[in-house]
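Sharing a structure below in structure tokens format, with a few things to ask.
Labels A, B, C, D, E and F are assigned to the chains in the order they are written; within every chain, residues are numbered from 1.
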Amino acid sequence: MTFRTVLRAGSTGLALAALCAGAALAQTAAPEAPAAAAAALPNKGDTAWMLVSSLLVLFMTLPGLALFYGGLARSKNMLSVMSQITATAIVMCLIWVVYGYSLAFTSGGSLTSFVGSFSKAFLAGVSTDSTSDTFTKGVVIPEYVFICFQMTFAMITPALIVGGLVERMKFSALVLFVVLWGSFVYFPIAHMVWFSEGYLFTLGALDFAGGTVVHINAGIAALVGALVLGKRIGYGKELMTPHSLTMTFIGTAVLWVGWFGFNAGSNLEATAGAALAMINTFVATAGAGAGWLVIEWVVKGKPSLLGMLSGIVAGLVAVTPAAGLVGPMGAIVLGIVAGIVCFFFCTTVKNALGYDDSLDVFGVHGIGGIIGSIGTGIFVAPALGGVGVADYAMGAQVWKQFVAVVVAVLWSGVGSFILYKIVDVVIGLRVTSDQEREGLDIAEHGERAYNI
Amino acid sequence: MKIVMAIIKPFKLEEVRDALTAIGVHGLTVTEVKGYGRQKGHTEIYRGAEYAVSFLPKIKIEVAVGNDLVERVVEAITATARTGQIGDGKIFVFAIEKAVRIRTGETDADAL
Amino acid sequence: MTFRTVLRAGSTGLALAALCAGAALAQTAAPEAPAAAAAALPNKGDTAWMLVSSLLVLFMTLPGLALFYGGLARSKNMLSVMSQITATAIVMCLIWVVYGYSLAFTSGGSLTSFVGSFSKAFLAGVSTDSTSDTFTKGVVIPEYVFICFQMTFAMITPALIVGGLVERMKFSALVLFVVLWGSFVYFPIAHMVWFSEGYLFTLGALDFAGGTVVHINAGIAALVGALVLGKRIGYGKELMTPHSLTMTFIGTAVLWVGWFGFNAGSNLEATAGAALAMINTFVATAGAGAGWLVIEWVVKGKPSLLGMLSGIVAGLVAVTPAAGLVGPMGAIVLGIVAGIVCFFFCTTVKNALGYDDSLDVFGVHGIGGIIGSIGTGIFVAPALGGVGVADYAMGAQVWKQFVAVVVAVLWSGVGSFILYKIVDVVIGLRVTSDQEREGLDIAEHGERAYNI
Amino acid sequence: MTFRTVLRAGSTGLALAALCAGAALAQTAAPEAPAAAAAALPNKGDTAWMLVSSLLVLFMTLPGLALFYGGLARSKNMLSVMSQITATAIVMCLIWVVYGYSLAFTSGGSLTSFVGSFSKAFLAGVSTDSTSDTFTKGVVIPEYVFICFQMTFAMITPALIVGGLVERMKFSALVLFVVLWGSFVYFPIAHMVWFSEGYLFTLGALDFAGGTVVHINAGIAALVGALVLGKRIGYGKELMTPHSLTMTFIGTAVLWVGWFGFNAGSNLEATAGAALAMINTFVATAGAGAGWLVIEWVVKGKPSLLGMLSGIVAGLVAVTPAAGLVGPMGAIVLGIVAGIVCFFFCTTVKNALGYDDSLDVFGVHGIGGIIGSIGTGIFVAPALGGVGVADYAMGAQVWKQFVAVVVAVLWSGVGSFILYKIVDVVIGLRVTSDQEREGLDIAEHGERAYNI
Amino acid sequence: MKIVMAIIKPFKLEEVRDALTAIGVHGLTVTEVKGYGRQKGHTEIYRGAEYAVSFLPKIKIEVAVGNDLVERVVEAITATARTGQIGDGKIFVFAIEKAVRIRTGETDADAL
Amino acid sequence: MKIVMAIIKPFKLEEVRDALTAIGVHGLTVTEVKGYGRQKGHTEIYRGAEYAVSFLPKIKIEVAVGNDLVERVVEAITATARTGQIGDGKIFVFAIEKAVRIRTGETDADAL
């Protein structure tokens, strides 16, 4: 999706040439991509792939993410996790077509470095005839499919945050927070990174499928939320074992499968470039799963399933910005590093600092996203098997990646903090301690996840 | 010998266990139960259907102890399991005539 | 799938022109859709999308629908729900290729208004060379893929009925009923609606992806079944809490994901028209989920997960006939209405009438299908953002939609009633009360769903 | 995938002609398959379909197979099953790109009848420009997508073996075994069957999607493993009921859905040939599910869900070698036969012989694979609705199929036996009896699947 | 004081609870158990393997009551839990020496 | 009449049941419990968090028998449930004053 960030404003042609030398070359002369006629028509193979990719990213969210998180919660809060994720997805879906797409993907006039306008609010002007550009000159896809695909990203990103807040945050507060966060944090960052006039777009940092917009963004928001909300009652004293690693396993597997839509779909075309993103999404993930498994086996004495699953997710996160830009061997290294570093973060560092990021959104998505973002700047090097970018120099590229990370961290950190405080004043963020003890399922929803 | 049987709130289990260990109780047996009493349940709604759920999750602890310890066990449980709110639970004490440790065949006081 | 119902018999060319002005325009001149040569060849993008759509609809049935329903049953009947859905799918799959496809999609001579013939029984004459038409002139897909896609519809429709009959119907009775109902209710209605010589096809009612054939049809059959079978023992007195809303959640998510195959696949091509169906299947669903959530929150005091999930399914049902015909804003309105109306139906109305449609097949699929069918007649209006049809007039169109609903209700209602009575005489519909108390899992299958 | 086995070394052109007369004909003149230019370019429809097929096969493994197997285990071993399947997938994924693909799909010089070389180790030379041939002249797909697709086969095959070893095999021993088995059994057999210079390839046996390489191969390895490991403690005396047929059901459904990637994906193109493979994968499966259901109902008195699910898997296995080669009616017969024979095998025969192939990998995959392999030789006959092959004679073809089965059985049987023995010496195959009693979840992984 | 412990069929729980409330019992504790007795179990078949399952799901109710109420409690349970078919269950009565309400520390009759 | 209540290792249940049937016990009630005692638990690790799990799964058997059978029941359980390793469990015996068979209303010895 964010191959576009490779492009520099004002030198599109040059960047396109660089791209053509890279992942997309095989297709440029494909008979079904006619050399840019006046009005390009979508290729049905691309459309088919993007339809599939869109539904795969929904699949990641529902049921994938909800099961991954829900399984890690206690059974008295399982239903609340599923409810919060589902409501987040629904709400973001609606505001996306009402004004989100417009804020993210239109020119914002004088504010356009940071946000778009309302000119496409209610999808004004979009029809089955309108198209969106891909990263290959003259190749387009139907605008509706681009809106769908981007919609699923807007749905999953705030859903990721839920993992840091579970077992204590009010449902109503979460829904309000999601609306605000989507509007004031996500849409602007998406605009900055993915729209050609956005600030980070023009910076030239690489982010193939959304490491910055999705993972760092959500990871920081979750960390801030965990700090603002405070620890769960009994944290560190009572048993808080995952109620069903079976559900967490299913969720992880669904995330992996769906992530091919996320990463290979971000290529926007069904080409060898998508296949490269796919193979990297296989091997980096496997590398990270193996990395966490082995390091935990060595350090803690037992190979754990939860470790392997956490590694898998860390690998998926880390390869997200890199997917179509690095080679498979670079992806493996990136994955292994992410698996090991995230392990230390979720164990040693988190315990040392003592905050209750309940399901390790920061430790996995935040840290994994940062590793991936920086790593992309390194492994994109043709010498390391990457596809390269125009005028590549490792130091300069890593610096750009670093700047993008810092911008995302600050925007999301400060923005999220303010929004949590607003919601706290308006509704109150946290349930009462009696409700927390009873479990949010009964207390907030009047239902139980299991009656077996 | 007696068995002290206590119905307590689930989240108090660890605390009670620690208190009992502190006064020299070496073993106990725990059962998940549902309790009905003064503590009010809740209503669950599933589509059209509303259910008043009056059984609440509780933990039953059974501790076999010599007669000398009974009083202290009851006190320890009362002290640690109390929150002061309705539903804290009950303690019942009854006599046992015999105790056997299966592993060794030891009986009565030696079996505990 | 049922864009075809837009076409009037005898004025195919005109209708096609209307269509081209609508959803399918973007593709008409696509380089891979060569202007109708003597024998059109399938486009691989279309074939890829239809292969995917077919497997998505199977995914809806197994495990989607089985988990959605099974989670709502008590755990002693979970296995029986899974068994009944699986057996239904298997049986329909087999009779579909033996004679169902032929009855639905061939000319039936003098009976052709109501049913086809046996001329393609055992798929006689079908080969990898044969093709089926799409809604775009000159664009075809392999006949095998059309048969597969339609097969999955024939598999899921009777499976929907199971939800009204669970926890008391005999397995053997169900299997017999499914065979009869498929043969005497489903295949004829599919023929009437989807085959160019069928009665409802010629009527000119709109039904993009099967609101009439699938949802109203199954919803009515379930209602009749619930009435004929009678209430479950203890209904209204004993606790009948869903045994696992986790399973119901997974099922709902899988239904949503799979439904893109159902709705966007019904476009038969990988075009912007499919993308329109997809975005509508996103937003109507989100709207209905939000609608049910909010209305229940207001009326009952708590936002429930089951409410949100029920709304999601109601939205999916309602958008089915409308998917490729309305605009996204019309779809949202349609969804919200469906969410709210179905809520009142499943709570107030059902309780007032006192029948035991155990899992609300009628309340969600029947009512949702009717709302969608009527709503399609309204929101197809170009003035409301719809794609329009030739000679559109709202009153006339709504009337046609209404007639189609009535025909489906009557055919399914009367037909199902007769078939239930036949099965009751031949096998007996209901298990004994001891078996019902023990649970159908042990009593009928000698197995238990869980041994944890 | 293994249409290639139809081709004889040295007469590729002839065999291609035969193929063109068969399943692939419809596409040969498709406008998007330009008559073999100097360097053929991939069609985006094919690429889209192969991307989807690859992720579907991963979906089969994770979570499909893990849930299918895990549900059949006792809950104290559920987590261990999930861990073993996940670790197997991860490890095979990594060694596949490091040297597995190279060993399987490059020329091996003087050893090339049995194994390839290391010339493509670390995917040397593979880029987004490189392509792999399909079975249609002049039609290619990106090599990366071919590597991904084949990778998923390498991941699932050793994972299948786990079912014969569960509840007693050490995790570390399994991981080592998988690495060895992949290297010395799987890669060579894949080379022999699928690479044009391989021994079984040149033999001319038919195997559309991997009946030999995947199912017979894994089935035999599981049987040998079950014999070498010995029975579980308490086998035949204690209750060993499946802990969750709900999970087994989900797993089966996911397997079925994913298997379309496996079978229809093996066509390598999005054509009517893929659609034929798909419809066969529907009806053979339904036939086998029905077959097992009915025979068990008759013999044991109750129709069981587990029976239906086992039949479904048996049908999927049996249709694997046949998918694109037989007609739908042949596929149904093949499925029914597989359902009935595997039923007798998993009940009567296994009990009589008394070995503890815990989850019936041999009874379902081994036997089902053999039935499918032999049956393919029969039902490929045009007279029986099959697509035919050049110079077809039933007796000769069945003989070839038989030889291929024997070779696979011997190679896998002997090879697996040696590797188990090596692992036994190096690490020890089996956990202690205390650990086995406690359950592998706690004993080996220090975690529990459920804390409800 | 006594504890009346009854093993009943699961679907009778609500009825029994209502009957007990009607005669003035304010609390009880419920446990899911499995019973073995004259009532025949069933056979489960999983692929090749047949299991005779002889343990059936039952509900155990424990009610602590003053001596005066014991007879009426036993009668109430017998009357409501009876279906007349094998497996209806048993009632056992045993003495307790002490009862404590954890919340207040009240003992014996006041604790119930 | 007495109730013999035994806490045993789960996998011993079938053996114990058979032994009891052999000496003429017609019924018993089984509960899944968790035991705390000398037998050491295990450590579970979930990401950063380590939990020492000291409660182990056990099975509680309750058998009501006439006074004459008590000794033989205790012996049968001791003999079959013993593995000789820590954690084999305990047997407790206590008196019951009354037994009723719900189905028939029979009491005491006839009720068992």
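What we mean here is this: contacts are C-beta pairs under 8 Å (C-beta built on N, C-alpha and C of every residue); 3 or more make two chains touch, one makes a residue touch a chain.
A quick map from chain label to UniProt name: A, C, D = Ammonium transporter; B, E, F = Nitrogen regulatory protein P-II.
Keep in mind it's a predicted model, so treat the numbers as computed, not measured.
Chemist: Chains touching subunit A (Ammonium transporter) and subunit E alike, please list them.
Modeler: B, C, D, F
Chemist: Which of the two pairs, B-C or A-C, is linked by more C-beta contacts?
Modeler: Of B-C and A-C, more C-beta pairs in contact link A-C.
Chemist: With centres defined as the mean C-alpha position, give me the subunit A (Ammonium transporter)-subunit F separation in Å.
Modeler: So the centre of subunit A (Ammonium transporter) lies 53 Å away from the centre of subunit F.
Chemist: How many angstrom lie between the centres of subunit B and subunit E, each centre taken as the mean Cα position?
Modeler: Averaging C-alpha atoms per chain gives centres 18 Å apart.
Chemist: Distance between subunit D (Ammonium transporter) and subunit F based on Cα centroids, please, to the nearest Å.
Modeler: That pair's centroid distance is 47 Å.
Chemist: Residues of subunit A (Ammonium transporter) that touch two or more other chains: which are they?
Modeler: 31-32, 43-46, 48-49, 52, 239, 241-242, 250, 300, 302, 304, 306, 446-448, 450, 452
Chemist: Of all residues in subunit F, which are in touch with two or more distinct other chains?
Modeler: Only 31, 44-46, 94-95 qualify.
Chemist: Can you name every chain pair that touches?
Modeler: Here the touching pairs of chains are A-B, A-C, A-D, A-F, B-C, B-E, B-F, C-D, C-E, D-E, D-F, E-F.
Chemist: Sort out for me which residues of subunit D (Ammonium transporter) touch subunit A (Ammonium transporter) in the complex.
Modeler: 31-32, 34, 41-49, 51-52, 54-55, 58-59, 62-63, 66-67, 70, 78-79, 82-83, 86-87, 89-91, 93-94, 97, 122-123, 128-129, 131, 142-145, 147-148, 151, 171-172, 247, 250, 444-452
Chemist: Given the complex with subunit E, which residues does subunit D (Ammonium transporter) contribute to the contact?
Modeler: Checking each residue of subunit D (Ammonium transporter) against subunit E gives 72, 239-242, 300, 302, 304, 306-307, 310, 346-348, 350-351, 360.
Chemist: Along subunit B, where are the residues that touch subunit A (Ammonium transporter) in the complex?
Modeler: 11, 14, 42-46
Chemist: Could you list, by residue number, the parts of subunit E that touch subunit D (Ammonium transporter) in their complex?
Modeler: Listed in rising order, the residues of subunit E that touch subunit D (Ammonium transporter) are 44-49, 51, 53.
Chemist: Which of the residues in subunit C (Ammonium transporter) come into contact with subunit E in the complex?
Modeler: 234, 237-239, 437, 442, 446-448
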